[in-house]
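Both complexes below contain chain A, partnered by chain B and then by chain C.
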Partner chain A sequence: MVRIRNLHFGYSRRVPLFENLSLTLERGHIYGLLGKNGAGKSTLLKNIVGLAFPQAGTCEVNGHPAAARLPVVLEDLFFLPEELHAPALTADQFVAHTAGFYPKFSEVQFHRYLAELEVPRQTKLPKLSFGQQKKFMIAFALAANTGLLVLDEPTNGLDIPSKVQFRKTLAGALSEDRCMIISTHQVRDLDSLIDTVLVVHNREIVLNADLDQLAERLTFGTAGPADTAGALYAEPSVRGRQVVRPNLGGSYGKVDLELLFNAVAGDNPAVVNYLNATPARHEPAV
Partner chain B sequence: MEFKDNEAIYLQIAGYVSEQILRQPWGPDEKIPSVRDLASELQVNPNTVMRTYEFLQNQGVVYNKRGIGFFVSPDAEARVKQFRRERFLQQELPGFFNTISLLGVGFDELQQRYQQFQAGQAALIPATTDEKQ
Partner chain C sequence: MSQLFSFSRFSRLFRRHTAEFLPSYAMATAVLAGGIGLVLGFVVYMNVLNTTIQGMLFMLGLLAAGALFTAGIFAQYGAPKQATVALTLPASQLEKYLVGWVYSFLIFSVVYTAAFYLVDWLMVSADDWYGRPKELFHLFDAQKIYEIYFYYAALHAGALWGAIFFEKNHFLKTAFGALVLAVVLVAANYQVVKAFAGDKLQMASPFSGITLNDATGFYRVSLPEAQAQWYILLPLVLAALLWRATYLRLTEKQL
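So, the complex of A and B:
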């Protein structure tokens, strides 16, 4: 679906943001894109949707360069930026203006998503709160039924019930022929919704891993002060030291995304090196 | 659904589905929710639910009718009990042994309390059936 090879990009020539970045995204998955502030999450998404152009290397969507912005690519791609443009239109007027660009758009679904997210249909967009506008666009983005859906910080501005409903709606909208990529720094908002985690750090993708496979290869837990031998990463917490260890016992827990992110996006390369050095096993012993 | 940290999510969902089968909202040969519906209800990735259903299918708890969905096996209850028994013996019992040996709780005391527990259960069962009538 998305194929990036040796991407070089920077807003200025002297300060590169990406160097030799490669990434492949497939249909049927929900990817979570994590990175520190300024690491380039949004910029990477903009390269994928054709709003920023590679300085070197390639970024292709369905075999076409994203930067060419071909109609055949754009009609099957929806990008929800972090900051929205809210024209003075109601839901029905917005559909009349915009839905024509998306051949698979479903008005029935759009109305259902609006109802699920509790967004009024009769109010013009600028009269809605920021969170309501965001939910409006999420409903439209999902109803466009594009093969590629790119959401930049979609949960920003949503209240707690809306975040729950967002996860429900998104989980119900994934199909085998859709690829969703969601950037966030609210890792907990996406916990158990994403199946693959991507971490952008130091101008490249340092982690691109299936959560199931990560659970086979790493364990996450607390350890006493004397008990950090063999740990790839440790950080202090109220419950004791939180550690990441190689999974040698064949146990199979839940990946702690926050701890994983801290372990990967810090200066300590131990976790990344470990994952790169050992081949993935297949099914765990259940 | 709140997930625990020490067990894979797909297995926790398998536990949830098994619970529904044992408590009988989902009876033998009944269709269980589609992957998409359960994923949406539990706010989890559909691929995780798919993995749960494949796991339960391998355990013989559910079966798949191509293009229609997953159904509860006729002997699902026995199968669920069997795999939960395995899980209890392998995962929960060692922790229990650890605690009783640490605290010095002897088997005599356990046996006595277990008998009390069973007597309590036996007293409860006729009472609840009376209530239904």
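So, the complex of A and C:
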């Protein structure tokens, strides 16, 4: 679906944001793209949807260069940016004038999603609150049934019940034909939603791993002050030291995304080195 | 389906653009008609609105209002939130470009001409011509007022390029750039012609004859009339180049 090879990009030639970045995203997955502020999450998404052009390397969607912004690519792609623009139309007017661009758009699904997310249909979009506008666009994005759905910080501006509903709705919308990428710095919002985690750090993808594989290879837990032997990573918390260890016992636990992210995006490369020692899905630079 | 242009995709995009911007375009048309009414009304109050004045005001208004309107036609590509939607909407870049072009050139020309004639007719009807027969100016008579559309094409192309090149204050920045370019062009043209003609050169402006001054007095050197009439194609060539440059700029637009 998305194939990035040796991507170099930076808003200034002297300060590269990505160097030699390679990544493949497949249908049938929900990817969580994590990174610190300024790591380049949104910029990577812009390269994928053709809003930013690689300085070197390639970024292809369905075999076409994303930067060409061909209709055949765009009609199978929906990008929901962090900052939304809501035209001065009602929900029904917006659908009447926009749905036709997406061949697989389903009005039935759209109305169902709107109902699930509790968004009114008759109000002009700019009159809705930011959270309501966001939920409206999420409903439209899902109903467009595009093969590639790219969501940049989709939970920003949503209240807690809406975040829960968002996770349910999104999980229900995944199919074998669909690839979803969700970028966020609010790691907990992706809990129980994504199946693959991508971490962008230091100008490259430092982690591209299936959560099931991570659960097989790592354990996450709390340890006493003197019980961090063998830990790949440890950090203090109010409950004691949170640690990441190699999963030597073969037990299958839940991946603590926040702890994993801190372990991978910090200064200590032990977790990344451990995972790369027996590479699974992470693609080194080509 | 062609990835460059599809009529059904273009018409869908055109309808969407119309639905989103029609209220503001309608308001702009009302302001335009009001502005024309104010200017023509002032002339009627002060003087007789004869056909020469009508024609002159028509031309000035077309250039001024057209440049102002066109400079903002791609404003959505300057604001990141709107540009994200506009650039990722499933239509080709040519179709997106053409929607702006059709609105700012074709539709604007028609709406402006209709609005001017309507207001002009009202004003001339209200004017007192002291018993002489009243008449409206003609686009296609010997004054060749229709040629202003050729110059509007060049101005439109420049404003359209500024509309996509600059992210805000499109009109001011484009006008300033055009002014600087015009000064540089006139000065450079004068120096180049002077290098050929020597100190006897009196006046030389781009794409026109030159005036010389020597012991015999002033005299003018210019192309024969039959060839000089091709100058009218110059703004069209310039327009074509700038329209093409604008389209390429749109395809290169990044956020």
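Everything below uses one rule, namely that the second predicted complex is superposed on the first by the 278 of 286 C-alpha atoms of A that agree within 3 Å, B and C clash if a C-alpha of one lies under 4 Å from a C-alpha of the other, contacts with A are read in each partner's own complex, and residues count from 1 in each chain.
Here is the rule we use: a residue touches a chain if its C-beta (ideal position, glycine included) is under 8 Å from a C-beta of that chain, and two chains touch if they have at least 3 such contacts.
All values reported here derive from a predicted model rather than from experimental measurement.
Partners chain B and chain C fit side by side in the overlay (superposition on chain A).
Taking the C-alpha centre of chain A as the apex, the lines running to the C-alpha centres of chain B and chain C meet at 150 degrees, rounded to a multiple of 10.
Looking at the shared chain after the overlay, A:R167 reaches chain B, while chain C stays out of its contact range.
In the superposition on chain A, A:L193 makes contact with chain B only, while chain C stays out of contact range. Of the two partner chains placed by superposition, A:L128 touches none, neither chain B nor chain C. Within the superposed three-chain model, A:V272 lies out of touch with both chain B and chain C [touch as defined at top]. Looking at the shared chain after the overlay, A:P87 reaches chain C, while chain B stays out of its contact range. Of the two partner chains placed by superposition, A:A223 touches none, neither chain B nor chain C.
Applying the stated contact rule after C-alpha superposition, one finds that A:L51 touches chain C and leaves chain B untouched. Of the two partner chains placed around the shared chain by superposition, chain C is the only one that A:G100 touches, whereas chain B remains out of contact. Shortest separation of chain B and chain C in the overlay equals 27 Å (C-alpha atoms, whole Å).
In the superposition on chain A, none of the residues of chain A is touched both by chain B in one structure and by chain C in the other. Taken in their complex, chain A has these residues touching chain B: 28-30, 164, 167-169, 171-172, 174-175, 192-195, 212, 215, 220-221, 252-254, 256, 284, 286.
Interface residues of chain B facing chain A in the complex, by the touch rule stated above, are 3-11, 36-37, 39-48, 51, 55.
Those residues of chain A that touch chain C in the shared complex are 46, 49-53, 69-72, 74-75, 77-79, 81, 83-85, 87-89, 93, 96-98, 100-102.
Of all the residues in chain C, the ones that touch chain A in their complex are 1, 3, 6, 9, 12, 15-16, 19-20, 23, 79-82, 84-85, 87-93, 251-252, 254-255.
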